[in-house]
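Structure below; questions to follow.
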Amino acid sequence: MINVAIVGASGYTGLELIKILINHPKFNITYIANSEGGVNVTDLHPSLDGVLDMDVQKANANEISKVADLAFLALPHKASMGFAKQLLALEIKVVDLSADYRLQLDTYEKHYCPHEDKENLKHSVYGLPEFYNGLIPHAKLVANPGCYPTATLLALVPFVPYIDPKSNIFIDAKSGVSGAGKKLSETTHFVNVNENIFAYNPFGHRHAPEIEEKILELTDIKANINFVPHLIPVNRGMLVSIYATLEDVCDAKQVLKDFYADDKFVRIKDEPVTIKDTSGTNYCDIFVEQNGNSIFISSSIDNLLRGASTQAVVNANLMCEYEEDLGISKIAYVP
Amino acid sequence: MINVAIVGASGYTGLELIKILINHPKFNITYIANSEGGVNVTDLHPSLDGVLDMDVQKANANEISKVADLAFLALPHKASMGFAKQLLALEIKVVDLSADYRLQLDTYEKHYCPHEDKENLKHSVYGLPEFYNGLIPHAKLVANPGCYPTATLLALVPFVPYIDPKSNIFIDAKSGVSGAGKKLSETTHFVNVNENIFAYNPFGHRHAPEIEEKILELTDIKANINFVPHLIPVNRGMLVSIYATLEDVCDAKQVLKDFYADDKFVRIKDEPVTIKDTSGTNYCDIFVEQNGNSIFISSSIDNLLRGASTQAVVNANLMCEYEEDLGISKIAYVP
Amino acid sequence: MINVAIVGASGYTGLELIKILINHPKFNITYIANSEGGVNVTDLHPSLDGVLDMDVQKANANEISKVADLAFLALPHKASMGFAKQLLALEIKVVDLSADYRLQLDTYEKHYCPHEDKENLKHSVYGLPEFYNGLIPHAKLVANPGCYPTATLLALVPFVPYIDPKSNIFIDAKSGVSGAGKKLSETTHFVNVNENIFAYNPFGHRHAPEIEEKILELTDIKANINFVPHLIPVNRGMLVSIYATLEDVCDAKQVLKDFYADDKFVRIKDEPVTIKDTSGTNYCDIFVEQNGNSIFISSSIDNLLRGASTQAVVNANLMCEYEEDLGISKIAYVP
Amino acid sequence: MINVAIVGASGYTGLELIKILINHPKFNITYIANSEGGVNVTDLHPSLDGVLDMDVQKANANEISKVADLAFLALPHKASMGFAKQLLALEIKVVDLSADYRLQLDTYEKHYCPHEDKENLKHSVYGLPEFYNGLIPHAKLVANPGCYPTATLLALVPFVPYIDPKSNIFIDAKSGVSGAGKKLSETTHFVNVNENIFAYNPFGHRHAPEIEEKILELTDIKANINFVPHLIPVNRGMLVSIYATLEDVCDAKQVLKDFYADDKFVRIKDEPVTIKDTSGTNYCDIFVEQNGNSIFISSSIDNLLRGASTQAVVNANLMCEYEEDLGISKIAYVP
């Protein structure tokens, strides 16, 4: 058994980490923290009543180093790098769910803020297991991808070599409201979202440079990414619809099947994918259709799980040399 | 006052026609029919209790000719052309909400079935008022556009001259469930739709050739249309997200403003459009954003109103030389 | 034409007042205000773009007295009585949508706060037209009922004389989220409400004493009211389920039909009522079923319209000696 | 390990049984059937792709007797008793999720149909573990309770001795749409349910006699049950609001705490219960509030789990002398 800490337990991804790790056969939760401490986990998450009775601490790296060997950080951007730096100095392995270690320095500083832990940034590994599984097992610090990049890269990367490099790639993404987090805002008010749908931050979302950078890293191709997210009136789930123009003929479905032949958590589907079939799981479902030189790729993930917390635990599994699917749910919430 | 008939009163668009025409200052409903007859409108639509007390007839063209000068047909494809033919022979003006008179003969027969009223098809006018308002006033037969083509053409046509003709145009459309009609199906079962989203008929929907044909008619340009509709868990509303590659630089927002300077039912918005702001109205809201040579155009309509019934009444207004907005709601249901 | 002011235009009921009054044949909106002013109504409510172009003022009673003869106050409790007092001193008629003038002094002060306009409170008329239509036409100040009392009293009052006075009356009410207003709270966060239902303030809601007091006024019977509201995941609509024990045998449906024989806005239904059939209207639909000496009465209203804004305009119609249904919508939003 | 069969795998409760039993440490699924057979489970339930690859058989009792020692029947009423009879003759233990063995003969025949397996009916045990845990371990046939009776009895039985026996007990129940099953109907059409709520079968639902009979069995008191179910626009979850009049003073919360002191799957809550907190689990959450001699009891369950499939597996655990919570989820789907 490996002792683990969860830092940032108040939000949705923190709750999901708790829910996964409670039943994990090899990870043992020894420390749960948020920015304030002084409550029980059931105060933060009443549904855990009867399931987990544990104090929530005010996050403290030294305390963590006494009781855990690995920490999951579900903290806001910027707060995370300050805390990760302390943990790494204490030789605690870190899976960071924020954006702080996902990007190269210049990309990060352009889209977020000055970086405060450049040294560790150099050695962080991007935690998309299908693409970085050679590096993750040796990493001390894994940067868990954003939800949009996860769903997009898994669908798009296999086709990048076939796409006309001069053409535009368009990504129309649809996210459930839990992706916006627990904080109160006009955008998350029930009456504003229910019976509604709209784009937000078109061409301006910070996940777009993350997608572009990773495609370049993985394929050596500079793709023309145009990313438009939409908010949909569901609690959880993410559907990403990608539109591109092919340069080379390909049997698109076969491309996917070959690419993911050895991967347990990607399913290639014959019918358009639904968010219901992946909700509650770590699966990414992918469907593809062609029309002349046009291609439509549709991927579905659970934004809080494959887009955050189960993927974080998969990364931890790999970092600790366990099977990647150890303790990871494959059973959807459907219906 | 002009006496009008509504044929096909059982479905959602039939109900919307009744709701609009009850309060219309110049149209007087004298005849309501469905395929069976023998009931009251309140049996079909209990919400009309206290509002309209009228028998529903078994549809009969001769009876209509005795009591009405204009008929709205909210019938299924194929059934509509048989009935319209009879009405036109009796000199009744027709606004047809089906697909039967929207397309040129060869396009229609390729995507639907053999046409049974080729003569009237030649003279039908496509009822998108912003583009065909010169022809509609003189028409005996107006073919009301589909909901997807309405939202798509209004957003896309102004930009067709600027788009790289060799590039692909991608249309990611999202429709509320009322667009699938009242009939029972797996797709409309609450549990399958709620907390879900998915594409259907990708690149295969019959509204795509309607869009292509009308763009060619209107701009003389053969556009490469790639159309993918999605079902979203809302009752009504349609959001269409269009992605294209520009050949010529343009100030996209100004293009829209100039194009629709004289139109009452198109609103150019500074923020991404929402379906909530058009739900209950005949408005089409349009937003546009650029990213290098990429363009994102987002339009919102009420699929049952601008996508069907209010647009039908606007067409009838024009056919009868009334103001186009006579009796047409501009006030959204929001919240 | 009578000039009217709307004070408190930012919230949902303010928006609904604007939507109704724009098309009212006899009321002319001359003044719209909120607590800040300095914006256009379309800034507050983007869906009014193209519909109404009017500045929003910082609320000022003297300014209102120059341009309007009647004011609708959609203000928070307590704020309302301060403002109404000024308007009444200036001889402006007032329809107040807050709780400030609904209750007798002692009831009000027990459940809300010290009253600051006791003089006008004495002369205010409770604006439930079916019960107080003799008084409303002569009133200078009408206190518009709460949404829960409206739906409850219309369903319950006809049966009070038949109910065992020693037994308990139980009211299980279900309200859409717009009833909680626009302000941000845990309770209105989409993720907390969607796919959820729960009671709140059981036996403790301030609408319970309003119901008790009005039953006593109307029937001279002290009823044992037990009121439990629930929040349901819909935008608008209210269903009230009332359970009681009869002392005297009655033909319950006939009781309702006789009671409301002359009322335009109450519909007695043969099937259990739905919120969909009243949403968008001023109707109250009522259904009743008996089981031995048990009775179940179910009523449905639109919480923002019959429960607030259309009822306010009906009251204004009566105060100005117009027909009660002048300019009031009877057509539901369905589907 | 004990081999088990699931008969009736097409519906929602069949799917839930599969999802639970896949991960159960002691039960091994050896046989899955529906009325047709000839498909894979992933054809019935695409979300099981990658999770379970198993043929679905046409249900046959002899085949089951070769491969399983216990069978779960998720069949329609009437079909179930025919099949259970065969299995019991072959010495297969049965957990029946239908109504066929829940009621005494006369109650059953009054509300359902003539009974075709009277012999086994005599020996069936009602599978509500908190109340019948003395009998379940020795049973060959357990009749799994209905969802409404489960949520109602757990909330109500502790208070029956305190309730005025001459007074009426009112049960206002709210169920998610999955309770209506997979079959297509007006009632399950998305557009009819979404943004709606209504009562159905008021005072006429067949779960009312089940509730009355079990209260009499358990407390020897004939309670006056008045049951009104409502349909709410959520996929899963059930909230039951019970209203009653107390004869004897009691500390209601303490009554609950004492009654359920030893039960793992009942949680007594300080705040009104929500369906979100039990969704995905076998928990029944209960909240109680008093107002003079009035009492309000609110209970929440997952209608498909505590109201069907996890409760069935708890019963199977007890029949096989395992811990009742073996393999049973306590972790809610929230958010």
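List of remarks:
For clarity, chains are labelled A, B, C and D in written order, and residue numbers in each chain start from 1.
Rule of thumb we're sticking to: a contact is a pair of C-beta atoms (placed from the backbone, for glycine too) under 8 Å apart; a residue touches a chain by one contact, two chains touch by 3 or more.
Because the structure is predicted, anything quoted here is derived from the model rather than measured.
Chains that touch both chain B and chain C: A, D. Comparing the chain pairs A-D and A-C, the larger number of C-beta pairs in contact belongs to A-D.
If you average the Cα atoms of chain A and of chain C, the two centres end up 46 Å apart. Averaging C-alpha coordinates per chain places the centre of chain A 40 Å away from that of chain B. Put simply, the C-alpha centre of chain A and that of chain D have 37 angstrom between them. Shared interface positions of chain C, i.e. residues touching 2 or more other chains, are given as 12, 178, 191, 195, 233-236, 276, 335.
On chain A, the positions that touch chain B within their shared complex are 167-168, 170, 172, 174, 191-192, 195-200, 202-203, 224, 226, 228, 230, 232-237, 239, 241, 243, 245, 272-276, 279, 287, 289-294, 296, 298, 300, 335.
Within the complex, the chain A residues that touch chain D are 12, 15, 19, 22-23, 45-51, 178, 195, 235-236, 264, 267, 269, 271, 276-278, 280, 283, 304, 330-335. Those residues of chain C that touch chain A in the complex are listed here as 12, 177-178, 182, 184-186, 188-191, 193-195, 233-235.
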